[in-house]
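Both complexes shown next keep chain A, but they swap its partner, so chain B is in the first and chain C is in the second.
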Partner chain A sequence: MTLPAFRLERPARLADAVRILVAHGPEAMIIAGGTDVVPNLQMKLFSPRVVVDLKPLRELAGIEFTPASGLRIGAMTTLTAIMQSSLVRSKFPVLASAVGTIAGPLQRNMGTLGGNLCLETRCRWYNQSQFWRNALGGCLKLEGDVCHVAPAGKFCWAAWSGDAAPALLALDAEIEITGPAGARRMPLGDFYTNDGMSRIALARGEMVTAIHVPPRMAGRRGVYHKLRIRNSIDYPLAGVAVTMDADAQGVCREARVAVSAVNPAPLLVKEAGELLTGRRPSAELMEEIAHAAISTGKPLTTSASTPVYRREMLKLFTRRALEELWQNGRA
Partner chain B sequence: MAAKYTLIGKPMPMTDAKSKVTGQGLYTDDISVPGMLVGRILHSPHAHALIRRIDTARAAALPGVKAVVTGLDAPKPYGILPVGHDEQVLQSGKARYIGDNIAAVAATSAEIAEHALSLIEVDYEVLPAFFDPRESMKAAAGWIHDTKPNNIEKEYHHHFGNVDEGFAQAQFVREESYYAGEVTHAAMEPHSTLAIWEPDQRMTVYSSTQVPYYLHRTLSDVCEMPMSQIRVIKPLIGGGFGGKSEIIPLEVAAAVLAKKAKRPVKITYTREEVFYAHRGRPITYVDLKVGLTREGKITAVAARVVQDGGAYCGYGPVTVLYSGALLGAIYDIPNVKYDGFRVLTNKPACGAMRGHGTVNVRFAFEAMLDALAHDAGIDPVDVRRRNLLNAPCITVNGLRVTSYGLPECIERATEHAGWNDKKGKLPRGRGIGMACSHYVSGAANPIVRSNIPHTTVNIKVDRDASITVFTGAAEIGQGSDTMHVQLTAEVLGVRPDRVHLVVADTDLTPIDLGSYSSRVTFMAGNACIAAAKNMREQILAGVAKKLGCEASELDLREEQLFVKGESAARMNFDQAIAAALEFQGGLVARGTYQPPETARGGKFKGAGVGPSPSYSYSAQVAEVSVDVETGRVTVESIVAAHDCGRALNPLTVEGQIEGSVYMGLGQALQEEMIWENGRLMNPTLLEYRIPSTLETPEIESIIIESIDPEGPFGAKEAGEGSLAATIPAIANAIYDAVGVRINSLPITPEKVLAALQEKQKRERAAATNMSGNGGGGAR
Partner chain C sequence: MHNSATKEILRLKVNGEEREALAPPHKLLLDVLREDLALTGSKRGCDDSSCGCCAVLVDGVPTLACVALAASYQDCEITTVEGIAAPGTLTAVQEGYVEAGGTQCGFCTPGFLIATKALLDRNPEPTPDDIREALSSNLCRCTGYMQIYESVRLAIERTKSSQLDAVRS
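Let's turn to the complex of A and B:
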């Protein structure tokens, strides 16, 4: 498959990148590691006039931590670098655990955190070649007007299918965005629109430059469970990230649960945090949290596995993650 | 045994391994020539549609486009089987599946070629389509091919012995339905063809093919050129597994484009196009009935098999015949009834895939045998021990079994897996299962019936005493080349590095039928030995004249020529060749192979498929763990014992066993082509999930050598037979682990979980019944 025709820009400085993005608006597309963008371009899911390669911007790569300001990871940091960072592994295990499940080793060597947070939403009716989509007559997201997942509606259910974002939501992270007006930060949850058509909230000329995790999360226990067919390569069919801080008696002080790959956005399960705070583990509580997870996570027929099964696994993985964290906490 | 041979039975790295791992080897897509154009094919967006009109004018007018062709440029139908010439390279009347081939262009760049495709206008009249073979075979009208009523490509009805009597003798009879989803080869190398129009009006075609000589013949037919004007060359092949064992549309399309453009044209499929070219293992419905006596003896087998063949014949009739024929030749079964249906649907054509025709039926049979053993309270290993053939023998369906290492396979595999310590003794969630399989060592009857030998090998020895072997056998990664080197060097008593190969080039090499049905080692191997023996005789005859003795007094070994009985060599190999050349002139030898009459099977309709000069055997034990909350199955280990007659090269035999087990594992648990109304939902290697290394368990390969009386140095096939046992071994292990039988492939976590929940419900209901009405409800 050929690539569509575009001009490749390789800005040497961040300001240049922003200027190019401002100039071309929606006709510009950013490429970081390229593991999502290149196959999508080959499938002609996009036809950008300009592709902006961020690889020359070395200042966007790096992992920093101070007890006062917390963790900062630059957008161009590779997934392998995060997974192998002893700092991330020891202080933010949920992130290392999630990043380690992304695709396979080759993709993690190329793929970046920023790219992973900006993945295009995925759907079995959408991530197909131009020939395949033409034969179908397109879908609501592209070249057509029917959603094949929910034909009656006018909403795109393409699933947000990343692994790093739920972990970062569970770490209460903020995303740093740089644009013509400089850098700004917002809660990661606000970055995602939960609309399969336009998944992230970036204004003209803006790009993701870093992720910040607050200092209180350093050392926070956490785990990520991913549903997939293969133990490598596959995108998640469902994902659950949980972090928890509990006292010596097993009373939960703070917990956060986030789900992925079952909605057009990675979502924090808000009730879970409320339900867990101040409580000890019990079968009833686990059941409540599991139900909260599936009232937030609503899988549809966007991927190979059935919604029924993915819902079941969302519940199970939530319960397993909680049990694991409580058990480890006691030990 | 080891002392008897210098090279046979010793591990030898593959002759092409270095070029492959260093990236220097040339596959078809690596080859470029000056003036080469890029070819692209326009595919049908409809599953079933009349083609009213094709307008290529705008595409042809696009600058950079050098040729546009449609079905009218090459209308002659073709197909791998003489009974199945139902494909045009480009359809001119009807499109029969999404992805069917409609037109092709050759242009100076891929971008221009793709743009040109979008300028071709096709008027379709969409027709009702058939997607489910069980429905398709009932169709009263609107058939996919007018000549195939009810969309049935072929049906066969065989009955050997008397199954009614057989079932009457059985104390345990099971009747169950099994399903196997569609799988494909997923070879790493996508198909590629480079057709070069030569200045002298000849055509040279490089192609990723397992069957260069069938391609040669088909190109001659469809391009209407004499065979002498076409030269087919097979470069390195990145895996075949059957997917390159018939003529693939791009091979003909590239040739037709090259002929029209009078330029070289290369077409390389995208991965999606590989899925549409397909020719993989069909969706198969198996209704199976097996009877077993209290003592564990199989009395009768009745199988009804419906295969979803897709839109064209391909190898279809052969597939459905293998499914029936290979119910035999593994166990002693006196009564066998088989009803096989190959049905057409509006999907890509199925064909031959590793373990051609046997795999899905073997899954059903071995799973049912496990269940019957359980019913009868007999260990699954014992039930197999009690149904062994008394080889050598001829089975009820006319298959001749010459060597039979299955008993030893069963003993060694179960012993290595610790069967007796584990069976029934593992904790819940962990289980062990076993199954057996077998396969042909080449088909005893050629695809196009004739009395020409199935293979011929020529050997030439030059003045510098280097040896060149000319073989038409297609190395596709299975080790054909290495095998030729090894056999030639062994027979001539020389170092393997003296031997050079000229392979699969129709201008230079004699005919070999191709790399399918695991025929190469047995057939080309025997031909190679015959040629090498003939060469040895010629050398010794020449040297004898030189030394003034009889050839029978001489021996050639370890690069030296000896007079028998003397401990010091008279001359080295170079001197021997110099002597021989003096008396013989150029040294050229020839060897052929043809299966014996006695191996060619019965006389009934369909008897031609199944007979083989020899059969390989395999027994496997799988150990699995099952997560009862997710339904996920992890295969912990597989012990695979395979009877390959003699392991000429243990290194490649082990590789073949491991590869077969790996592919079986994929089909067992995760691989499936998913269809929605004739639309393939997963035409990518991201969504068509062949196992990664992380799902691949420890595989212990055990080589069993039954030394076949007719095989080359006693060898039989090793490349396919192990696959079929893997799937039922895993299925049976799942039953041992958690007590559910999944009769549907692939065995996904969802299916396992659903079965576990169903079982729990049943058990609860039974428990309530028992307590609720005084036990009267229990039957």
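Let's turn to the complex of A and C:
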């Protein structure tokens, strides 16, 4: 198959990239690693007039840490570089383990952190060939006016299906966005719109340039669990990331739980943090948190796997992650 | 649809040679290799980055040519399966695949050879788990995975014994 024709821009400086994005607005698309954008272009999910290749912007790749400012990872850092970074592995294990589950080693050699955070949403009615989509008359998101997941409403429920974002939400990360007015930072949770149509909050001319994790998260223990059919290559069908800081007696000082691949956005389970703080482990408490996870994570028929199964796995993963963290915490 | 983009001269460094191709900017590296440079060793399997048949080395790193824009890879050293051994010779990895039956229909073999070469260049003595992990982006629809793992093991053994021979002689 061939891609739809476009003009390729390879800006040498970040400012040039921003200028091109400003000039072309919605007709421009960014390509970083290409592992998500290119198959989507193959399927003609979009046909940009201009594609901006960020590969020449070497300054956007790199991992830095200082005890005062915390962790900064550039948007063009490859997933392999993050997974293999001894710094990330030792200080931010939940991120290393979540990134290690993304696709397979070859995709991670190409895929970047920025690209993974900006993934297109996934839905069985959307990620299909043009022929397949046309046979159905399209869907609400593209070429049609009905959401086949929830036909009564006018809302796109395509699932945002990434693995790095839930780990970063559990690490209370901020995303750095650069645009015509310079760089700004916002909590990662605010970056996602939880609407399958728009998915992320980027204004004209803006792009993701880095992720920041606050210093207090250095050394924070965390676990990521992912549901997929095969142990490699697959996108998540459900994902749960949990981080926890507990004292020697096992009393939780701070905990964060995030779910992914079950809503149009990766989401922090807000009640979980409140319920866990100041508490010791108990089966009842873990059950309570597992229920909080499924009151936030609401899988629908966006994938070949059933919503019931994905919901059960969210509960199981949440309980399992809490058990692991509490056991290790006391050990 | 926009009017098709104009072709440009791409300068690629492939298997140690400077090559030129006239291609539009939306042309994939896999297509430039196969159609413009007549390097048909790299295969188009899934066409959506999920099977590994198109893998080539980019600066030594195994990369999926089916999701790479050729124009983006002009500053890199590209090695295709044709470039891993001198013409008429086989590397220990290729011999391992031949002897242990790691190639069945052969379609996935170029991608597996590239992934195997990248692994052994980086880590000459991988554990069985390292081998499985390194090859986990590659699909073999003959499902000959056990023979493929055995091929890699054989290649490692051969390389070690030939190194020992070299030391002894």
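Going forward, the second predicted complex is superposed on the first by the 331 of 331 C-alpha atoms of A that agree within 3 Å, B and C clash if a C-alpha of one lies under 4 Å from a C-alpha of the other, contacts with A are read in each partner's own complex, and residues count from 1 in each chain.
Just so it is clear, a residue touches a chain if its C-beta (ideal position, glycine included) is under 8 Å from a C-beta of that chain, and two chains touch if they have at least 3 such contacts.
Just so you know, these numbers come straight off a predicted model, no measurement behind them.
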Tell me the contact category for A:P105 with respect to chain B and chain C: first, second, both or neither. second
State whether A:A248 touches chain B only (first), chain C only (second), both chains, or neither. neither
Tell me which partner A:S305 touches in the superposition: chain B (first), chain C (second), both or neither. first
If we overlay the two complexes on their shared chain A, which of chain B and chain C does A:R7 touch? Say first, second, both or neither. second
Contact-wise, after the overlay, does A:A152 reach chain B, chain C, both or neither (first, second, both, neither)? neither
Which superposed partner A:K55 touches (first chain B, second chain C, both, neither): second
For A:M313, using the defined touch cut-off, is the partner it touches chain B, chain C, both, or neither? Pick first, second, both or neither. first
Using the superposition on chain A described above, determine whether A:V38 touches chain B (first), chain C (second), both, or neither. second
Would you check which partner chain A:A283 touches, where first means chain B only, second means chain C only, and both and neither mean what they say? neither
Let me check the overlay on chain A: which residues of chain A are in contact with chain B and also with chain C? 1-2, 5, 104, 231-233
Over in the complex, which chain A residues touch chain B? Could you list them? 1-2, 5, 104, 124, 128-129, 131-132, 134-136, 229-235, 304-306, 309, 312-313, 316
In the complex, the residues of chain A that touch chain C are 1-8, 10, 31, 34-35, 38-39, 41-42, 47, 49, 51, 53, 55, 80, 103-107, 109-110, 231-233
Which residues of chain B touch chain A once you look at their complex with the stated criterion? 43, 45-46, 98, 110-111, 114, 270, 272, 629-630, 670, 674, 679, 681-683, 686-687, 689, 691-695, 748-750, 753
In their shared complex, chain A is touched by residues of chain C numbered 1-5, 24-28, 31, 47-50, 52, 55, 61-64, 66-69, 71-72, 115, 133-134, 136-139
